Amino acid sequence: MRNDNHHSDHHDNQAAASKAAMMRALLLSPSLGFLMEAHNGLSARIVEDVGFSGIWASGFSISTALGVRDSNEVSAGEVLDTVAYMADATHIPIMVDGDTGYGNFNNARRFVRQLCRLGVAAVCIEDKLFPKTNSFLGECQPLADTDEFCGKITACKDSQTDDDFCVVARVEALVSGYSLGEALDRAEAYRRAGADAVFIHSKRKDGKEVLAFAKEWGRRCPLVITPTTYHRAVGVDSFERAGISTLIWANQNMRASMHAMREVCEEVFRNRRVSDVEQALVPVKEVFDFLDYDELDDASRRYLPAEPTRAPRRNAS
Amino acid sequence: MRNDNHHSDHHDNQAAASKAAMMRALLLSPSLGFLMEAHNGLSARIVEDVGFSGIWASGFSISTALGVRDSNEVSAGEVLDTVAYMADATHIPIMVDGDTGYGNFNNARRFVRQLCRLGVAAVCIEDKLFPKTNSFLGECQPLADTDEFCGKITACKDSQTDDDFCVVARVEALVSGYSLGEALDRAEAYRRAGADAVFIHSKRKDGKEVLAFAKEWGRRCPLVITPTTYHRAVGVDSFERAGISTLIWANQNMRASMHAMREVCEEVFRNRRVSDVEQALVPVKEVFDFLDYDELDDASRRYLPAEPTRAPRRNAS
Amino acid sequence: MRNDNHHSDHHDNQAAASKAAMMRALLLSPSLGFLMEAHNGLSARIVEDVGFSGIWASGFSISTALGVRDSNEVSAGEVLDTVAYMADATHIPIMVDGDTGYGNFNNARRFVRQLCRLGVAAVCIEDKLFPKTNSFLGECQPLADTDEFCGKITACKDSQTDDDFCVVARVEALVSGYSLGEALDRAEAYRRAGADAVFIHSKRKDGKEVLAFAKEWGRRCPLVITPTTYHRAVGVDSFERAGISTLIWANQNMRASMHAMREVCEEVFRNRRVSDVEQALVPVKEVFDFLDYDELDDASRRYLPAEPTRAPRRNAS
Amino acid sequence: MRNDNHHSDHHDNQAAASKAAMMRALLLSPSLGFLMEAHNGLSARIVEDVGFSGIWASGFSISTALGVRDSNEVSAGEVLDTVAYMADATHIPIMVDGDTGYGNFNNARRFVRQLCRLGVAAVCIEDKLFPKTNSFLGECQPLADTDEFCGKITACKDSQTDDDFCVVARVEALVSGYSLGEALDRAEAYRRAGADAVFIHSKRKDGKEVLAFAKEWGRRCPLVITPTTYHRAVGVDSFERAGISTLIWANQNMRASMHAMREVCEEVFRNRRVSDVEQALVPVKEVFDFLDYDELDDASRRYLPAEPTRAPRRNAS
């Protein structure tokens, strides 16, 4: 466990500033980078601890963890509350899934300013309509007008308060059944409007349209993908060769926790004991280690006056 | 999956009122009842779906999921935000771990009024000092003055706005190294002050002091336990025979999700693919089913005007 | 000052339930009723204390007090946080300005469920587009499609968890430059969709179109108005005779506090003393009386153990 | 009105960073500086607009505006929500009234980290016990142990993420009936523990003990006062000559708004019209100007595509 850091410097402004720079470097790097999904402070910290270079704060996962649907049922303020815990708990950069920006350009740029304040490194906004529908649901979801979405991107860029903050434009054209040409036209328009990277989304199982897009795109700016449906069809090496910059594992932590909790709940409910499931649980002590309770002990010794010895009446037995 | 309920009646005030009555019945029932830990809307809903009768909103688990320590690092308002999602997502009663009540009697009674508003069924408050330390850490943690804690219990009871709301008094005497007699004296004082149930806590591995307590107590009011350390030593039948009312599985969902997320993150990080871990993930479709996206589809048909057919330019390939 | 109530019963669920019934009675009463604007807990309590029967939780005033614009810059969750303080601080019913419902029917019905939980009595939603623009700004703001807005009203009605909760449909047709006929058609459609009352808005200075509307409407359901621009032209007796049910003074508390704070700030800044402005301030003691600090003293005596007498070393001088 | 700034640069991180430097300069300046109380985004912006160099985010005023008592009834998270709006709305530095730090050193340092994130310039913590009681209530309130409070100050200083952030130690010894010597001893201990300034509080009406303290103190570090009770007895020039660094007008905006709202409510309730009170209200247009709605118009032209002209059916009359 790479828990060498002091809890107290988790909140370093310098670090916050450089989180965006780290994300920018990740996007611009010639090698394929990975972002792993997280949806609360704990999962974010696990992602960092395991070694990933960056975090994807998934809207789907955050809303699922809260118990609501990925249809903008929670408002921007509630998402920001969750993101704040994630940013506080980690040193690596976070890209926040900003859906459609929670309204028009004005809502989107306010969201960006609040993300910058939290030390978030990047936002991804998608060219659909508010309130959004999860991309894996239904067909032919309506897209935002291209000009309107370009204005939103520019507004976000003009409003960021950290120069390295990145705005990623997510193109939903392929998911909504539009042509590769439409997707490329939109991507190019978004790039010209100021997007630092383009997220080309697809829900086909063969991954071909993403590779075709990448070929046509030709590294005009960093490309981001999430192969939720096509990860079996195309290996990461192919993505790297195709010039993809960054791959997002978009929801695996949430889906793993849901699976594990259901299994444990069913077993405990059925057997009325927890001994059968213990191998599926981290020990309590590991929680204490992971969240650095020792630091609090050390700090207590440093900041609290020594207490007089107390001798409680001990139970004799 | 018992997903017969409509999302929209999750918020029924009638149900909210009866949640407290359900918890009261659970506590008063002669047979042993179980509460399963949850820490966000999703885990709460899983607990309900699996069949448990009630939920333990664990302070340890909630803070861990947020990425902070179980030392009152998050304030009462932030805990209530989490609890609101849990109550919204479920029909079964929730007992909230209220730690020490977040300050004095006035903070505790304000917390109770806010829980009642959320349709929460019960609060458990413990006789330690604010800010609290997790009971499994250190030895001989100082206890609250008995009279002061009795006043806090009475203030909570006087402030509840649902007659069936339950205040559970958690006795930390045994955990802090005091005698069985001290624990019994405190429990009796708390009962007289108005507590609806007594939570007798212990971190010994043999469970003996809990059984001894139960024997002396003699069902004066419902007894609640959480056998985190002694679940191997004593079976649930013994607890039932000893007159224990309710057993809390206090943190297993959080520990299961932490274990699962770490495993999945490590595997995905190492192998740069998710195919190896798919059996440990719920399918995306199961998330949609579980959070009742169909209801939103139905509602959209009911509440939205029919849209003109749209024929996007389809990708030929 | 009518401060006979105990702070602790501010949160009575019974009262919460009956707040909606009180609002319903106010709307249905044959005599003209009044709602006074409030924007935080303090102003809400003043409105109640002075004798008003109900509160208008103005979106314009709430956003202004927060320091942001009335353009849905704050999200639904943040508005609900403010409304919670207002509901906690008062016994009289609150009608919340719900703007356009913060999105589509699904956002609106979620908002209604959360209002019901807070004990709010009514919501007013308007037939414009999200994000909204304040009605006094610009001309010819686009309106919502009538069918879409009717669906939103029905969704709200179907989701309320208090039978007496009222959904008020605000017709913006006149403000947006449409004809009286269009306004009447929309109002009738909204009434049939389930609206408990119609709020007919106008920004003309002569009040004539509101009176014309009321005449044509003929008390089909309660009519609500806010004469911000035309209060000089038409007296309240005329509104009463015209069959208006409820008049909202929509923003006066916010505008009064802004005026007073600016005056005091300028005077204190200029003169570097506060003695000149004291007559414009309530005494500190009045704050203590108004928020019932005595209740906390009483409660401290009731719930806290008597403390040993303490004799601090007094300053001799 | 000094509204020359663009709304969008209100959130400039550079500005945020320099807010703490501005506060530090204010405290260290040889001339007497002033902080004016604010309690929400609107009042903060008025304070800035009128010309003050800094803002006092009063706990008494914030809680009163929320409708609750100044007894730590609202938790740290809720205070931070309010402070965030204030910081967003202004460019001048804010000193936040941190009461006792909302618990022990660990709560206090977490509060400091969150304030730094918001771009707040300073925190003031006082040497009383959590939950606190307003200093103008009762006599002989118990004080924190000096060593414990020194540890809290050091913990705050060690946790700030902006080098210029200031921690102000508020000495309540005089208010609680202790001697001048005790107050001086505590102030010196707090200074040595790292406090950037000392706030010497007094509720006597003659101001003598503050002047006596200042004389003995001899500018060891900046002194802060709030002459709520003794502002008539001693003029600001005397404070300046006595070496006081900064004077806080601690609650006048809240008290002015409360006075104005009560007057307006009573008049409107009695007369059933608002025309009598209009001179006590800012015009609606002034609100639009003050919160820079023009910027939103400009931005809409810049970021939104031009809309096709719309010709609504106009009312003929």
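By written order: A, B, C and D. Residues from 1 in each chain.
Here, a residue touches a chain if its C-beta (ideal position, glycine included) is under 8 Å from a C-beta of that chain, and two chains touch if they have at least 3 such contacts.
Model, not experiment: these values are computed from the prediction.
Path length between chain B and chain D in the touching-chain graph (shortest route): 1. Think of chain A turning onto chain B: fitted on CA atoms, that turn is 180 degrees, to the nearest 5. Here the spacing of chain A and chain B, counted between their Cα centres, is 27 Å. One finds 38 Å separating the Cα centroids of chain A and chain C.
For chain D, the set of residues touching two or more other chains reads 71, 78, 88, 104, 106, 296.
Shown here, the protein chains touch in all possible pairs.
Contacts from chain A toward chain B in the complex involve residues 34, 36, 40-47, 49-52, 60, 64-69, 71, 78, 81, 85-86, 88-89, 134, 136-137, 140, 142, 174, 176-180, 182, 208-209, 212, 228, 231-232, 235-236, 249, 251-266, 268-269, 272-275, 277, 280-284, 286-288, 290-293, 296, 310, 312-317. Residue ranges of chain C in contact with chain B, taken from their complex: 8, 11-14, 16-17, 88, 104-106, 109, 113, 116-119, 145, 147-148, 151-152, 154-155, 158-159, 161-162, 296, 299-300, 302-305.
Residues of chain D that touch chain B in their complex: 71-78, 102-104, 106-107, 110, 130-131.
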